[in-house]
Structures are given as C-alpha cells and as structure tokens.
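Think of it as A, B, C, D, E and F in the order they're written, each chain with its own count starting at 1.
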C-alpha cells in the first residue's frame, strides 16, 4: 500500500479545501468529496436515497440528500474531538443518488435493494442519506444477503414495527417488523434508542420487546449521558456485523426541527454524538441517516446536523486512522484538567 | 355504563386512525376527534381561543388554535410512556373555537368567560388552546364561579402580575394580579414555574411572593429533573381543584421558537412533560396552553409540541384509564434494567 | 454626582417603557435606549458593526445589528435573576453603527479600529454587536492601544486561530492568530470555551494551546453547569482588563439557529448565561457578540437571545448597581428553599 | 321548492359570517361552509384530494386542500363583479377529503375514482381541490361513466400528455394521454390553455394536436385579454358536458408561487378569472384546481388565489342565481362610464 | 429663504448617502432621513402608525412601519422618471411612530387623531405608514378639523364601507361609512380604485355609489394604463384638498404578497405608480399607505414596494421641485424616440 | 462531423432525463448536464460566479449559482415555443464555479477575469450565473481581450454607471463606467433596458446617454411587448459581437422576488423572454444572469426563472439547431389561428 492508498489499496481522496474553492462554491457533493460512479474505487461511499413516498404525514424528504450535501460544505477533514482522520486510511467518495422510482414505492424499494447490493458486492461500506425511513428495509435486505442477519443500532423516536400502514405492508413505519419476519436482523441484537410518543395502543413497543429487541425509551435517556449505555452495547455487539440506522427524529425537535414526524422529549444532539462515537470498535458494516425534511428546515441546520452525524459515522468505521492526542502537559494551561 | 360509554355515561369517541384517513387528510380537528357542538356530550372538550389583541409585542396568536389542530394530526390514541388510554374512559371531543371579538379585548374577555361557563355548567372539563395569555383570566372567572378559588400551576417565562399595561388593567401580563384581586385563586396555592428574564424593577416577582405564590425561577430548574418539585406540589395540592395554565414561552426558545415573547434560559420540553405527568392524581379541573404564534413557527413544531403537551394534560385528568405495564422480565432483553 | 447621574457623572438614560410607547413601535434602537452620537456622554455604548465580508460561508451577518436591535425591544430595565439595575449607575446608550466599508475588508477593518479607538478615548465601554467575527481583531487593536495586551474570554464553536484563509491573513477565522502575533492579548490569559467540530488536521487547536490558551472543548462542558469553570476563571483573571468575545455559534444550533457556521454539540443558552454572569467582579473593558445571521433566523429568536446576552454583559460591567435580594423568609412560601 | 331550498329541492347552506365567528376562528372548512358527509344533501360539493405521490419533482401538494380551506376564510357569499349569488340557488357544502392511499399511487387513483363515482351518483357536482394533477384521471373516469366522454377545458403550463414517466403509465404528466386512450374525453373538445416551457422534443405538444386538442400556448395569450378566446369556446361547447381542470401552474409563478413545476411566462390571475367567468352558460359538470404546494407558499397567497378561483368556478355552475346590476345612472358619478 | 431652507423657510434635510454609511447600517429611519421629534421643523413628516387590532383576519400589520423603514434604505434622493427632487424644496423627516394603544382600538383611534392633529397644527403634511386601515378614520377626523371635508383618492381592494364588523362600528372595513356619516369627506369627491372580490351581498358597493363615490372596480382597470383615469381625476379635483389613502391590497397579491386580505385580480404596481404620479398638481394634504404585513413578506419586497410608493407620494406634494429633463437630442442615441 | 458531434466537432452532451434519474435526485449540475472540467470539450459552458462582496445592500448572491442549478432540474432538452434544440448542434456542459476570493473583491475580480480568459481561449462561449453584478466587469475585460470592444445588451433596473461607491471604483454599481473608461464596450452599442427607480441626482442616467448608450427606461416598456424594440436592436447590432448581461432585478419584484435591490415597476418575465428570443440571429459571444439572492427566494422561483432565462440564452446562441414547426393545418383544430 503506497502512501496515497487506503488500507484496501484504493486511491485516497481528499475533500476540497475551503482555501482552494470557497465553501459556497463548486458542484455540491457530500463533504466536498469527489463524485465517483464506481463503488469499486471506494472503501466507503455516501449514497443519497431521495425517497418520500413511504411517508405517512409530511412529504419532502426526497430533498434530504441534496440539502445534506449542501450543508456538509463546512465540514473539514478531521475530527477534533476524537482525532479521527478518516481520509488518511480509507478511500471515501460520493456515489450520487439511487434513481428511486417517484411513483411506485414497491419498485423504489426494489431499486434501492439492487443498488445497495451492487455497492456491497464492491466491498464498499455504504453510508446512506435519506430520504424516508422505508429505505432501511431494502438496505437491510442487501446487507443480509452479504452478511446474514445483522445487529442493528436503531436510533429513532418511533419503533417502526407496525404490521401495516393504511393496509400496506411496506411504509416508513413497518420496516423492523418486516426485517424480523424476513430474518434480516438478529432480533436479540437490535437496540432501539429514543422511542417515545403516542401509540395505537399502550403496548405498541411490546411486540418488538417480545422478539428480543432492547428497547430504550427516551425517558430512560433524559438528563444523562449515553456513554454508559454504549459501553453496554459494545460489550454485547463485539465482532457482530452491526448496522446503524439513525432517524433524525430521534433527536428532540429543538435539535432537528426539519423532519416530518416530530416527537417532543427526544434525545439531544450530544446524545446522538455519544451513540455514534460509542460505536468505535464495533464491526460497522453500514449506516444510514434518514428523514431530513428540508421544507421544515428554514436555516438548513437539520441538514447540517445530519451531515455532521454522517461524518461522525465515517469516523467510527473499521480501519479509520486515529491520531495520538498531545500530552496535555505539553500545553501551558493551568486550568484544572477536567476542563481541558 | 356500557362498554362504549365513558365513566360519566357519555358516548366514547375515538380519534380517526391514520389507517382509515391519512394524517394529512380530512377536516382538521384537535387530535382528529369529532367536532362536537354540545359540551354535554363530553367529559373533556378541547376549545380554541383565537385571541391576540391582549398581546404587548408580536401579534398572531389568533392562529394558534388552527395550527395546533393541524399539527396534532400525528398524535395517536395512547401514551406509550405512562400507558394512559384516555379515550377508553373519557368522552373527549373538539368543541371548536370561542367566537372572540377581534376588535374589543374587553368584549372578547367577557365572551370567553360566558363560553367557558357554559362548558363548565355541562360538567365538561375544558382544555383551552390559545391564543394569548389574557384568556386565562376569563377562564379563571368561570372556574371560580363553579369551584370557588382554585389552585393554579402556572408554567411561564413571565409572572403576569403587572398591575396595568399601557394603562389597561386587562392584557396578557396582568391576569394573576386580577385573579388575586378578584379572589379567583387561592394565592397560597399558586405555583409559578419557569419565571425569568428582565423586569421593570428588580422586584417584579415580589408582589406575587408576598401574596403567597410559590415562585420557582427558571434558574432553580437548570440542569435537573422537575420530578422532585412535582412531588412537593402533589403533597400540597391533593384534593384541591387545580387549574393548569401553560404558557409555551415557559420553554426555552430552542424548544418553542414559535411564540412572541421569548426569554432565553427556559425550561426544556422534558421538564414541561415532567410537570404535566407529575400532576397525575391531582384534582385537575381545567387546563390551557397559550401563546403559540404560528408566524414564528416555520416548521410547525411549536404547535406540534403544544399539541403533545395538551395530550399529556388529557392523560392526567381524573378518571383516565391507565394500562398495566408488562413485566419487564417477560421481555428477552439483557440490558441493565435502568435502560429499559 | 446627582441622583440622575452615573458613577462617572454622566447623565443617566432610561429605556423607553412599553407603557409609554408599545414595544413594536418607535425608531428601533438597542434596548430602546437613546441614540447618542457622542461617546463622551456614555459610560457604556452599544455599537453595531454590520460586517459580513470576512465570512467563509454564509453571508448576511451585516444585518445582525439591525435585527438584534429589533428583537431587543422586549428587554426591560432590570435583571430579575441577579438584581442588577444597570441604568441606575451607568450612562448607557446606542452609539449607532460603524460605517463599515462594504467592499474592502481591509478598509473595513481599519475603519472599525479607528471607530473603537474614538469610543475608548472617550472612556466609554463598548458593547459591540456583529457582524462577522473578523470585527474582533480591530477592536482588540483599539483595546491594546488603550489597555495593553488584554485577557480574553472567547466563547466560540471555533478556535479562529488559522494562519490564513483562502490566502488572506484577515478573515473571520484568523483573528486570534493575529492577536497573538500583534501582542494584543496575553496568550496565557485567553480562555476559549465551546470549541468543537472538524478541523483541517487533528491538531488545529494545538497551536493555541502552545501559546498558552486555555482551551475548553465543548465536550468538557456537556451535561454540566459552567459555574465551577467561571470560578476558576475569576480566580485567575482578577484585576486584569478582560475582553469578552461571544460568537453566537458557541451555542448549539438548537439555541442559536441563526448563524452561518453551525457546529452541533454546542453550549446551551443556560451555559452561555452562566459564563457571562460568572464574569461579575472582573475588570471587563469591552465585549462583543458576533455572527448573528438574520437570514437563517426566521423567528428572530437568535437575535433575541443575542440581545439578552448583550444585556447580561451590560449587567456585569464594573460599577453596575445590584439591588439587595429580599429575605426569602419574608415570602409566605412553604416550598423547599432549593426551589425558590 | 321552498325559499330555503336549492333548485333541486335540497336545503341551502350559508357560509358562516365573519360577523358571527371571526374569520380566523372555528373548525376550518372550505369557504366556511358546513362539513357534510352525504353528497345527496348537496348540489355542489367541494372535495379535497390530498395527493402528491404522482409528482415528478417537488412533493407536498398533499397539503393543498388543508391550505386552500384555511385561506378560503376571507371569501364572502357573493361575487361583486358578476353579481352571482351561488348560495341562493344551490346547496353547497364541504365533503371533506378523499382518503387517498399515501403509499400506492395505483390504489390512490382507484380510491379517487370510486369516491367521485359515489358523489356523481348522488347528482352532486364535484369541485375538487388538489393535490397533484394525477387526480384528474380518476375523476375523468368517474365522469365518463356518468356522462360519456366529456369536453375539457384544461388550463395548465404543461400538456400532461406524456406516454409514461419513469416507466409508469400513471403520473401527473400522463393523464390526458390516458384520457384519450380510455375515451374519457372527446379529443376534439379538449382545449389546453397556457402551455409553455421546455419539452423532451420540440414536438411534445403535437401528439395532442393530432388528436384534435386545441392547443393555446401561453405565448398566444401574452399581453391580452382572454375574453375573445372564451367567446370562441362558448360557441363550440354549448350543451356538451364540460369539465374544467385548472392547474395552478398555468399561472405565471409571480401569481402562483406555491406550486412545484413553475414555468415562467404564464397566464396572469386576471386571465385565469377571465377563463372561468367566460364559462358561464356552459354545461359544467365538474371542476378541479390542482398542484397547490403550501411548502412553497410562505404567505398562503397561492392557496388564497386557488380558493378564489374555486369560488369563481362555483359561480358559473348551471343554476346559479345572478342578481341584476343596478342602473349606473342611479349613481351620482360623473366619471366616464368606461371606468365605473 | 436661504439656499438650505425649504419653501416654508425650514431647514432642509438630506437622506444619509450610501457612500457615507452603507445602506445596511445605521439606526433605521424612513428613507434614511433624520428622526425629528417636532413637526414644526418639517414641511412633510413620515409617521408610523403601528396598528393591527382593527384587523378582521391576519394580524401583524403593527410591524408594518418598522419593515417599511428597513426596506426604504435603498431609495435615493431623486426620482429618475419624473425628475422630482423633493429634498431640494421641502423639509422632510421621520417623525417616528404614534404610540398606539395595543389593547383598546377605541383609545388607539383617539390617540391617532390627537397625534395627527398636532402634526397638522404644525403645518406639516403627514405621510402615514400603517398599520391596519382603521388608522385612516382618525387621520380623516384630524384632516376635517383643519381642512373641512376633503376629497379622497382611495386605492384599495375593498370598499371599507361596512356599517359594522362583529358588531363594532370601528374596524378596518368601516372607515368610509363613518367618514361620510361624520362629514369628514365630500362623498362626491371620493374615488375608489381597484375594488373587487366577494361581498356579503352583490350590492356591497352600492351604498358608496349612492353617496356619490366614484367606484372604479379592478375589472375596469384590467389590461390598461390608468393615466387616462387620472386625467379625469385631475380635471375634477383641482384646488380641493385631497387625501390619498393607499391600501397595499389594492395591488394584486403578485405585486404585494405581504398583506392580510388579498384579493386576486388586482392592480399592478405600475398602475399604482400611475395613480400617484397622476396626482401631480393636485392639492394633496396628506397620504397614507396601509396594511403591510411583514409576517407574509418573507423577502421584504412588499415593504420595499410600499416604501417606494411613499416616496412617489412625497414627489407629488405641492411645492416639490422638479428638474428639467435634458433635451433628448443632446444624447447620441439613434433608437426611435418612443423608447428613450 | 459525426452525428454525435457538435458543429465544432466536439462531443454532444444530453441532459439526464427525468425518466432515468428523478428530477429531485443526483448530483446537482446546471440543467442536469455533465460537469466538465475542461472548456475545450465544450462549445458552450455554464459557469457559476459565486460572488456577493460587491453588493451595496443585501448580501447572499454567493448562493445564486447553487440555487440556479437546483432549480434548473425541471428544464427539459427542447424549447417548445421556438423549436430550438440546442443539444443537437452544440456541446454544452457545466464548467463548475469560479473559485472567487471571499474576502477581497479586487482579487476576486482578477480571478474571474483570468478564469473567463481561459474559457474564451478554448473557444467556448460562457454563460455565467451570478453572483453579484460586479462579475460582469472582469468578464467584459476577458471579452475585450478576445473580441475588442463589444456591443452590450444590458437588462437591469439600474444603470450601474456610478463612478465610485463608498469610495471604491469597483462594486456592483460601477461596472459600465469602468467598461467605458477601459474601452471594453462600444458605448454607442450599449442598450440598457428596464432602468428605473431613484437616483442620487435626477440626471444619473445622463452620463451614460452622453456616452451614446441607448437608455430604455422601464416606463417606456410599460403595457407593451418588447418585440418591436428587439427588431430595432437586431437591425443595428448585426454581425457585431454582442454580450448580454441580464440583472434579474430588471424584472419587477413580482416576477423576481429573490434579489437584493428591487425596484418596483419593472419588466415582466414575458418581456425578459422577448428580449432574449429577440436576440436570435445576433452574434452572441457570451451572457450572464446575475443578482439571484436565494435568501429572499423562499420558493426557489427566482432561481427557477433565472434557470429558464439562461436556457433561453442558450437557445439563441449562434449555431443552435431549430426544428421546423408543423404545418398548423395538419392539426384538427378549428380555433381561429391567432390562438394556436
């Protein structure tokens, strides 16, 4: 492996620096990475899945990928907090969007599965940008074909385990029922974090619990750090292929106003970051971030938060290079160490 | 009482399911409940009070009720966290709006009092949706006629105990001064939670304290759960008729951007929910949620939060049926119990 | 000093009361204070610095001062929490805006320095309203001319210690590198609070640390009060002339959506207030609040928060009169004292 | 027929006056008419068709009906210009919305057809509020079952005669191809007004012309009144059952910004009104107004224009009572008559 | 009269040039003119009337004056089309706002009358910026006290001659009924231009016509210039004191989206300008521009149009100096003269 | 030249069809054309110039190119009105953006000139997307180097012939003064269409007229078609190299709300299209469209109009293939020919 190649031998890419082309300029790609057509050139590829016809209420998530790309322009190459330098060891790029059928959810879902299968066949880890949450079902189908049933970290305001919606078996609230039925996931290795809100009955979450899902309601997360939770998760998930699906409505609407099915009392962005950073060391085989709704995101900040969370996901993928932290004593601060 | 009747013998209503009519469709009513003209058919009625001519600064809360109804469309029948199933024991409906005089605050206030008196005469518990906070005064007048002086839980960024505003005795910052003077409330059973911000003097809150109000400044609530506070409240308020008035600007503007007199450093939505859930067991005789300003609520989320808080209020009314929680050991999770 | 004069003998001003002119009416000035041309009449002057040509990404902060003034209309004369009554001992007014060159950053920066030098020469403490963060450099130049190298409390999501941006030495991300080079600040008395996000390398913050900056990353602030941090700061900064620069993007975008370079996982407004209130007793010689971007602030709340933070800054300036708190036992509350 | 009955003997309804309930208050229905479940009670019924899964680009028209109802609140009972008094001779009401399947366009389309067949069976003239333009196909299917092939006045920026879109035969750009194939319309009695913009080829409009459609490009309408055009239409369409489908994107985006596929250079609202008023005397059997997109309609004015156009449609239905104009000489104006 | 004095001997003011202070900077006043407290210093004064409690539907016009001032910043000193140079012969300034009672329409109306009486007593011509249209009644009361019954040019989408609204005699739709009853206007010299839309009956406009009003419906204005109409007006109004009241909803919502009671099919901005420019030579004694609603004016353009119309009003006041146009033959253009 | 090659022998490109990738999907490029780095591959290249530091008032046009690209997604391959099929004879692509210096207008201007010189050297016709209007100066510099002084069709609300702004010689209101001084244009072949609004003096436009500019004020364009004007222009400009600069604020703000210096009473979009279509046959050597301000363009329609105008520009470039119109008699319409 030469210096400019990734751990798999692929050519490394760098995001365009704001010193070369201003952040408001240029053809808009995710994180200002090259647009690459062929997943074989990449260890990790961002893929947009512009979908909203699986949506029960507010439509418009089809514009999620475009907006996430636009708002990713401020994100630089390295993670200051964790010292991750993902572009130094992984070949990362923007694979563009799935050409989702705008009129037929069924055919859109099939197209997504096929598209992700092709990416997985290329040994490229997909980081999907939604798009409504329905898209996770076809991705899990593709995942299961490659990896068998996977473990899932499911961060969401909703359980998404309904049997049908408006009589349909596929929609953005039924994916995890289908995933269990189709054996795409190991139900005892599904953790759902952030669930809350109202239900058709008072036992909506019980079906999932009966399958073995670990159900962490939002109320359990109130007023505390999720670092200890993630320690538990890491203990139990080591080595298993893990898929992360992050519904932006897991966050409280204060932190993610731009989504279509808000539930008050949700996670903070800080907790969202704790979850992702807490996955470091797991065998992450793919991730998605879904339900960004630009129409309800006047300032673009929900897309901006989403872009940052996707970057944090990139930083915990297997093989990412982490720089050593400087010895604090080398700095001339006399503040107590707990603050620096 | 037959199976389809409420505890008072009235006919039970169910919200329209999203599986029958999509959540974006149909004539918009609160929580997709039936629009009922006659309060005698209801144990609990939601009433809009579209008012903004009592507003000192940003007008537009007259559109609060319409927007709260629209954004309530996602709320389902049961409370997942508390297992409350309000529609199984109470007859609940949407009583429409008070026909508030748009040009004369005085006549609007009189009309609101008369309207609520009629509802209370029908033994129907009102849940009012504002509208500016002035509306609480005529509601308290109607309450006092029926119940005598009531206890009040007043969640707000402001004390609303000014003597006059611009020379007027009635406006959205004077209601609790009037309520004391008119003996509508028991001043030693008024708790004000979330007060903060600037004042005309440094002693604006002292008049209320001198009357016996319990004044809980926002600063006392920072960085902690309000469960312990509500335990104190429940100890002291048992059996008394209690009225809850919830000004959405009690919440920090991050959590409720759509209101007209923001005060930074406010409560979180989580704390707001803790207050309401903490009222379970009290003799709640009515509630309001006020000051939602759709013009400043681009995504509709403030109205969405308001609708959820109103649903939480419904869930703590006397007589609501609560389902038993499943025995956690019946689920196959091995996560530490503190998380599930 | 007569009753209507400030501690320096200047004539005291009062903000226009909402009982005299409604809060939505009148020529818009900061905090409804008089517009004063001559800084010699003031102990403290608010000055707008409408600047955005130092901005790397989203422009529009040139409208920050106008929007902050508009949203300051709700702020009354006294601080309820701290009992500060700034207008009783200090002559405060609105000095209008610097006439910033809209086309040449270099000449704009020179003009700002000259403008602030004039204000400082008049022994008037400036509270600057931005405008992009570049404006802090010329203010520090003016400060150093008067006070020598100052201590700095720098609250920000970014370190702003880049050497150049797009090849330019002056821009809104380079000011603190320049300030060190030009000896405008004492590097061992610079504390940076709230830093986070991505960097060009993983060591972007290290240069500052090597100079002696105390670097408090946002992660160190998560889930806790900053009161203890400020106690440390007060210990070390006593007597030194201290300048506060508060970039509104130090706050999490939930709390300050209207800014152009959001970084998720930031401070809460509460922590921002704790920092400022924690400066009481220091020798504060000037402050700024920067990077308010009205285009991304549909409800005006970011400007509203900014206006409140600027008022809190006013309340901790040397010489502000604080009223005595009433003895809690004089109130008739039987709530535990921790809540009142 | 009694005085309070319509020409068909049904009970007349009146919109709620703004003097009884303020225009911002009350449960929101179209034109403040009663919500009526049974079409048999109505001569004319407004029906919402909340649909957007037939949309090629910007989604969100599912919220069209809700927004049109909200913005219809200002419309009073009579047409000042034409002296039409529709509520004096026709029983008019709001029939609510079709329960459109949110996930399957095919099933949504079938449901719409069935719903409109039921309305037509009740001898109620439907005025449909969209929703995306796909909805016209199932309405035409229902129309043809009752009336045989109908004449169509199609006001639109687009021809909507594509064969397929993304491989699908049903979508919001193919309805008139299908309508011809299925013999739902008489192609020689289809007039398309306002067509413009770009095409896949330069002959996109030619297929329609070959079928016999009268194709009036927008360019033919520039700078002039459409009264003469409508005179031609009335000459040729007398007695035939005529259906009007009005895509709001026929109007220039200046006049209808809130829609998803704008084409510059379109009709003015005045021309739109001229078309509808010019239909007076025709045998109008139904109308729709489609493609209102609230997300792109910040002020609500596109929905407001749509509501007014729907009211104008109501005013030209067969059987509407028109009041006599006063003799101008009875007024004391000495302005030249061309102006009064 | 010295060179720097107005025709009445008052000191001339100049708007601040954009070359001195950028257009986005400085304390915001109308047209960047000085804020003047005393009307005796002015020949013409702009006055804000921040009022919206006379509004039947969408509130928020209380922010009209603030927004008009902000958007007036681009307007320079001279009228390029008419060669008017108002600041060379008239002393013009910004008189600030009336302190309108926010809670009592009755007292607000009285306060406005008193305020304008004071201005008229100072021989200052008022140009009022609304605020809802109710404000015209107290201004006409003040006008009649000084001038006797005035002629009125009333440009509006509505007649505003209702007897009562919601039982009230004063509101934003009754002013001209009151004005006739109180003999504030000469009914045979009232011209209403742009009326349209729906009415309670089909004869809503007839009462006004019976009084002698010249009623020019919008339909009479479609597709043509209003220059000929204004020629008629000038013929009949010469010498009479004329008051112009311009409701921004006279314009089609395409041209003035930011208002609360849109009526489609209205005037163009061009026609609005033709009306005002056509008043040159009349004895104009005052003007207002009302009903600007910033909440519905995302881009600020309605306020911008309003500011320009107010400047055009200034340019046709008696005594304005007009520069001579250059002889076209002095330019070297060979385009046909009709274009230059 | 093979079938897939342009008239210059370059490879032809096709925009991605909406039937292949939905219009809301994919990496966003202008008109869904390929992103091409090398101008030598293109006969015509779209280039973004993201610039706003030459702006006197509202900043934010730096986001113009991104938004124009996004809103261009609906534009198909052919012009239905003129039968132009530009992609059949010209190689067209998206050349990305100029890397404009965000902090130094001077260096930004130099960079733009250099960038366009390189494009012109490649014999590629540039169609520039702004960006503030300052960008036209460096483009004209590059043009003059290649073509000598050019003729200019300047469509604008402003003359942009100021000598300096805020003391600077280069800004978005001085370009045509500089262009004359630097002999970049032939002043007798500069036509300015749409000028209006206020000026520093009443003779602001006279300098330009003295140079020989043809100055067509907006007032000359009111209420009529501009076809006759363009006939005059074509007569006089034949053969000369012509550059078109189209400031979107030439249009009335009704038609182009999203720009920063609106002037009421402007051109209609129809007139804008007439101007461009009227240029067919001229020797067009380059075009720009400037001043699109996304912050003021909530619905994106100003960018959408801009994208369509840029497509119309493409359609009148030398060498574009035009299809023959079908013989109207081949269609079966019996409408009078003036309508079809």
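In this text, a residue touches a chain if its C-beta (ideal position, glycine included) is under 8 Å from a C-beta of that chain, and two chains touch if they have at least 3 such contacts.
Please read these numbers as outputs of a predicted model, since none were measured by experiment.
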Touching both chain D and chain E (chains) | B, F
Could you find the chain whose CA centre sits the greatest distance from that of chain D?
-> C
Relative to chain F, largest Cα-centroid distance belongs to chain B
Interface copy of D-E among B-C, A-F or B-E, with over half of contact pairs matching by residue number, is B-C
What angle of turn lays chain B on top of chain C when you fit their CA atoms, given in steps of 5 degrees?
-> 120
Does A-C or C-E have the larger number of C-beta pairs in contact?
-> A-C
Rounded to the nearest Å, the gap separating the Cα centres of chain D and chain F is 36
Between chain C and chain D, tell me the centre distance in angstrom, where each centre is the average of that chain's C-alpha atoms.
-> 56
State, to the nearest whole Å, the distance from the C-alpha centre of chain C to the C-alpha centre of chain F.
-> 43
Touching two or more other chains in chain E are residues 22, 24, 56, 58, 62-63, 101-102, 165-167, 252, 254, 257, 298
Those chain pairs that satisfy the touch definition | A-B, A-C, A-D, A-F, B-C, B-D, B-E, C-E, C-F, D-E, D-F, E-F
In the complex formed with chain E, which residues of chain C make contact?
-> 20-22, 24-29, 35, 48, 50, 62-63, 65-66, 69-70, 94, 96-102
Under the touch definition given earlier, write down the residues of chain A that touch chain B in their complex.
-> 56-58, 164-167, 188, 191, 195-206, 209-217, 219-220, 222-223, 229, 232, 236, 252-254, 257-258, 261-265, 296-298
Tell me, which parts of chain A touch chain D in their complex?
-> 52-56, 58-60, 62-63, 101-106, 165-168, 170-171, 295
Residue ranges of chain E in contact with chain F within the complex = 17-19, 22-24, 73-81, 83-85, 224-225, 252, 254-255, 257, 268-270, 273, 298-301, 304-305, 308-309, 311, 323, 326, 330-336, 338-340
